[in-house]
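In the two complexes below, chain A is the common chain; its partner is chain B in one and chain C in the other.
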Partner chain A sequence: MEWKTLALELVLMPLVAFIVGMAMVLMMRKIAAKLQRRVGPPLLQPLYDIVKLHAKQTQVSHGLIHEIGIVMAIGGYVAAETLLPVPGMNGIAAQGGLIALLYMTMIPSLGLALGVGQCANPNGSIGISRALTAMLAYDVPLVIVIFGVAFHYGTINLVDMIATQQAGGVATWGAAQMPLLAIAGLFAMQGMLGKQPFEIYVAPAEIATGPMVEMGGKFLGGLFVMQCFQLYTAAVLYVTLFLGGGENWATFLVKSFAVLAIPVTIAMVFPRYRTEDLVRLMWKWPVMLGLLGLAFILP
Partner chain B sequence: MTPVDSLFLVSGLTLVVALLFGRQRLTASLLVALYGAQFAALVQTGTLFGDPVTASFGVTVLDQPMHWRYDALSWFFAMITIGAGFFCAWYAAGVWQEAHVKRGHSPWLFHVALAANVFAMVVLLGSGDFLSLFLGWELVSWASFLLMALGGRASGRAALRYLTYAFSGAMAILGAMALLYTQAGSLEYAQVGAAIPKLSAGQLWVLLALLGGGFAVKMGLLPFHLWQAPAYAETPGPGSAFLGAISARMGLYAIIVVIVSMVGVARLVDLSIPFTFLSGRDLIAWIAALTVILPTYTALQQHDARYLLAWHGIGQGGYMLLGLVVGNAVGSAGGLLHIFNYALTQAALLMAVFAVVHRTGTADLNKLGGLVARMPLTFLVLLFGIISLAGLPPMAGFVSKWMIYRSLITEGMPLLFVAAIVGTLGTILSVYKLIHNIFLGQLRLEHEKVPEAPLSMLIPMLALSTLIFLAGFMPGPALSWVAEVQRLVGLPQVQYSLGGVVDPRGGLDMIWLVSILLAGFGVGAVVFYGFGGKSQQVHQLNNYAGGHFLTADVRYQYSDNFYAGLMHLIGPWYRGAFRWIEDGVGGVVDLLSYAMNWVYRSVQPLVFLLATTVAMLVWAAV
Partner chain C sequence: MSALDKIQVREERLPPSKGQAQAGKGTNPLANVFDELINFARSRSLFMLHYCTGCGAIELPPAMTSRFDMERLGVQPMVSPRQADILLVTGYVSVKTLKRVILTYEQMSAPKYVIGICSCTVNGGMYWQSYATAKKLNDYLPVDIYIAGCMPRPEAVIAGLRDLIENIKHGEANSWKDYYQRYDHYLGNQQRLFGEDWQTPTNVIGEARHYGLFGPETLGAHTALLEQYQRPLDALDMKIEIPELQRFQRP
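Then we have the complex of A and B:
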């Protein structure tokens, strides 16, 4: 590949992810508004929010690690997006693959955890303790899904997975071939995104007892950017693994937004679970579904 | 004189210098230079990429020749051993030694113990037959005991417990050697290697149980792992870092020599366990997987930083064995590479923790906090270390763990894959607690004037951190060593490039990944620092306390029972079953020894003699 094309892709892929991610945040709010019979925010509201948070006069920092944590939170996702193929652009997906992508998305969580820890607020630390516990919960079904998918396609290269699915049509899509794993993946995604009923570790409704307690101004702005990337990554990864990736930008975006609409809609009609209950639930139903799904695809 | 002779000579010389001049202050620096010389002597042997080299001396015991030689496998392990010795001696050479003396300990004992450990391991790694293997094995056991027993009462108890385990293990190995001798008529590797394929399944199982059990003791594999954490954690500073980095891997070396190289993974796969679907390989893989999971989750419950890391050391050993017995090119390379990566990581982590102990006097995770403001470089070392230990990019640990995961997918082993990742997740939880409770959160009043770790400790720590990063950024060189080891022991060789693993079905190129990650951080920094208002730093007590008024005398750090929610759920699963078994076995041995004591003391000596004579006559008659 021409190095100029590659350089352009490496710049464009995170940029696209950010813009689509903002649109996804907007969709999330619009869905919430529809379900609650409100009008909802205007089109550019996510952008306004980021600008507003960055422009605030009071920017309270608790030290260098607090700031570096935010840098890692954004930077980890910027890097991860170049491993996630989109129509027409593969970036460096061939150099990393599925497992590397999965671990790359843990860097932002690590950054956030370090940043919150430096804030010296026990409420924040409790939030991180819950967030890591939740990770231990939803990652178990997630890795079962990852294993199943990688084993089924016989590769961990995402580009090859997309090619296989697109060559064979809808019948060879991951969701058609591995329906149980696709359902388990949805469960895991709900936990990964921290949406209701699994949102207690983010605790957005009672900010004083969650990880965000000391985050204001552009610190919160940075995390907002991270959320855009996070929604995008989860949706696109699901589309890549189970729904044949994007043939072109139109189907790619339709699929991604449709996938994301599922957890967001579920979130708006559910109450929440305590962290332990989350662990118990994640280790039971999606794991059973996932193992059953594995049993079908293993020789 | 062959190059191997010179290696033994330099290593022995180091020990002699430590013995004779260990009391002088300047000797410490001389010893560092001597470890460097050992490293140079090892490189001089050229056995990694070249042919094996034999030592010119040898002994004959009871018509059994004992000889020593170095090959690629010995080179790989000796390189890590001597490297660990070098960095630990460097760490010990300056302020640490002065403080050690001030606490009333002898620097002489420490230097001698460390030099003896390195020497014993160099001898063990050069063994050319089962006799020299056993000799080296015993030397290593006693040398580690010496180092473990240095730290006072708690360490003495832990060291004795280790010795009990080590003796039992050595007896098992001796039994296995007797079995091999009867079958092969020799204790030479070549003859034994030729005889092993002819063993029946039953004999092979006995051999695996005896040898595997004996080697597993040193390696700390389940169920023989209980001694390791206290013994390693209670050893003084750099000694602990040395033991943690490499000592337990001697067990793995022996496992590779006998079980991977002589028996072979293919034979293990053929060896089925009656009445189950499992093979010998599955059994070993599951022992390895349980060794990953159980000690890791025990580490999660520790509130002493040293113990936490020592428990992780046991768990990481499980990954190495898991990768090796999976046995394909990528998996076994991952297992071998993890030995190197883990040694770098664990040495750096323990050094950082002991630097904190040096400055604050405690490793209790409930009595520290906020030290990042006072010891930023030590924080950096610990941060690099935990990222590597948890197996996250961009550090070294990620590469080797990635290879192990990759091989489990290729081989279609879903449950082992999940087990390996569950171990990694437990590690992430546990190391976050480590760094949070020491360096993040609120700085305690008594630590407000704590200075950064002394330079003599910092330099080796930072050097190790640099290596951890470089081994993650460019795993190629380390992979080239590993590929040579694979060639030697008859495993398929991994295809590698400078940046990582080449695999048509999804490889890994760390140069790309790390570069893109650093570029991502650059973008993040531009977004954060380039736009918006300027941030202002505030005092640590200036935070949102939900209406409480904070003062410096209020404890405001969340550290104890850090994962309360999780423990609420999985807490009852900690049953201490292994401790219970250990107590049980200990009780039985106690009882037997009391019985023997009673027979010996209270029964008439004549009766005793009569009984023995009758028994011997019966034996002779049969």
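Then we have the complex of A and C:
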């Protein structure tokens, strides 16, 4: 791989992810507004929020680990973006693979836990313990889904998976070949996004947004950037595994936004589960669906 | 003569500092582009901490939800003072509540704005004769916008927010600087109400020094009194209060 294309991809892919991610945040807030019969935020609202938060004039830091934690949270996702194949920029993704990508998506939660730990706010500690429990809950179905998909395609290389799906047309898409795993994957994605039925660790009225309680100014701005990356990562990963990736940017973006609209729409009409109910639900239904899906795939 | 009657009320408000507006006049026309962009982003994205002290709080849910929808102006509720830009004080503040309001205000990161909703924050309203109620919020915190009324309708709340947005866009909503620059004045009023050993965990003078917001009236007689009484912040000692677990603790 030539160093020029490498450098270009390293710079361009997180940038594209950030811009698309901001559009996804806007879509999420617009869907919420439409479901509540409101007008909703203007077009550039996510950008205004991020600019404003980074332009705060007094910043309250709780120490070095607080700042490093936020950098880890964003950095993990920036690394994950470069490993996601998008139309036209597959170089690093071909070298990486599914396992490396999964490792990268774990880093933000751990970085956030570090940063919140230094804040020494009880609400934050409760929030982060719930967040890590939720991670434990949704990782079991996620790993089953990832294993099933990798077994089905016979590779952990995301670029090869897309090539297989695009060569055979819609009938060879992951969602058509492994519908049960696709449904279990949707469950896991909902947990990964931390949206409404599974957002006990944020719980604004109860523990004051949990991990974010001591984050102001640039720290909260960093978490807003992280949210853009998080939505993008989840949507693109699902599109890559089950919907045949993108032939070009138009179909790629349409698929990503459509995939994301499903959990967001579900989120806005549901109340939330308690932590133990979340673990019970996650370890029961998506795991059963996933194992059933595995039984169809395995020879 | 009660302690409340001794409060010296200062009528005039300092004009907002014109530093930002005049910095680049006559020089490069693009010199202020970045500041103007930031001011615009600030005006269009306001996170609001509603400290619901009184009856005005009931007018906020309709202003936030589908009927009047604050989010189209970029205003949305937040739950912790660290994240918030606006402190909404809705209704009367009793002396006990005012302590919490001041603690909350000092924890917010600047630029921060205070909105007083209802007549009670303007002049005490129907609680004028109450011994336990702070009368003018502006004596204790720098208020940006008052929305008068008993209670103001959601339209009035939205109109007030629009005024604040205009002020921020033109760089005129600088009363948070006033709190640093005239800290002695505000602290003096607070001390008259809470007693002379009043103190908060936030080091306002240190922040003013760090961020270059020191004014001629930051230090004075009242801050000298504060230094006299100030105790250093100690960490709370860790104790397990669960009786079942205390068996396992070493004596």
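Details
Everything that follows uses one rule, which is that the second predicted complex is superposed on the first by the 292 of 299 C-alpha atoms of A that agree within 3 Å, B and C clash if a C-alpha of one lies under 4 Å from a C-alpha of the other, contacts with A are read in each partner's own complex, and residues count from 1 in each chain.
Quick note on the criterion: a contact is a pair of C-beta atoms (placed from the backbone, for glycine too) under 8 Å apart; a residue touches a chain by one contact, two chains touch by 3 or more.
Since this is a predicted model, take the numbers as computed values, not measurements.
In the superposition on chain A, A:G154 makes contact with chain B only, not with chain C. Here chain B and chain C are compared by how many residues of chain A each touches, and B touches more. Applying the stated contact rule after C-alpha superposition, one finds that A:G217 touches each of chain B and chain C. When the shared chain is aligned, no partner comes close enough to touch A:K255: not chain B, not chain C.
Once the two complexes are laid over each other on the shared chain, residue contacts for A:V60 go to chain B and to chain C alike. Looking at the shared chain after the overlay, A:K195 reaches neither chain B nor chain C.
Note: residues 53, 55-60, 208, 213-214, 217 of chain A belong to the chain B contact set and to the chain C contact set alike, using the contact criterion stated above.
Listing the residues of chain B that touch chain A in their complex gives 370, 372-373, 376, 379, 383, 387, 391-393, 398, 402, 405-406, 408-409, 412, 414, 417-418, 421-422, 425-426, 428-429, 432, 435-436, 439-443, 499, 505-509, 512-513, 516-517, 519-525, 527-529, 531-538, 540, 542-546, 556-559, 562-566, 568-569.
The touching residues of chain C, when paired with chain A in their complex, are 37-38, 40-42, 44-45, 65-66, 69, 71-72, 74, 78-83, 85, 107-111, 207, 211. Contact residues on chain A toward chain C in their complex (touch as defined above): 29, 33, 36-42, 44-45, 47-49, 51-53, 55-60, 204-205, 208-209, 212-217, 220. Put simply, chain A touches chain B in their complex at residues 10, 14, 53-65, 67, 70-80, 82-83, 92, 94-100, 103-104, 106-107, 110, 113-114, 117-123, 125-126, 128-130, 132-133, 135-136, 139-140, 143-144, 147-148, 150-151, 154-157, 160, 208, 213-214, 217-219, 221-222, 225, 274-276, 279-280, 291, 294, 298-299.
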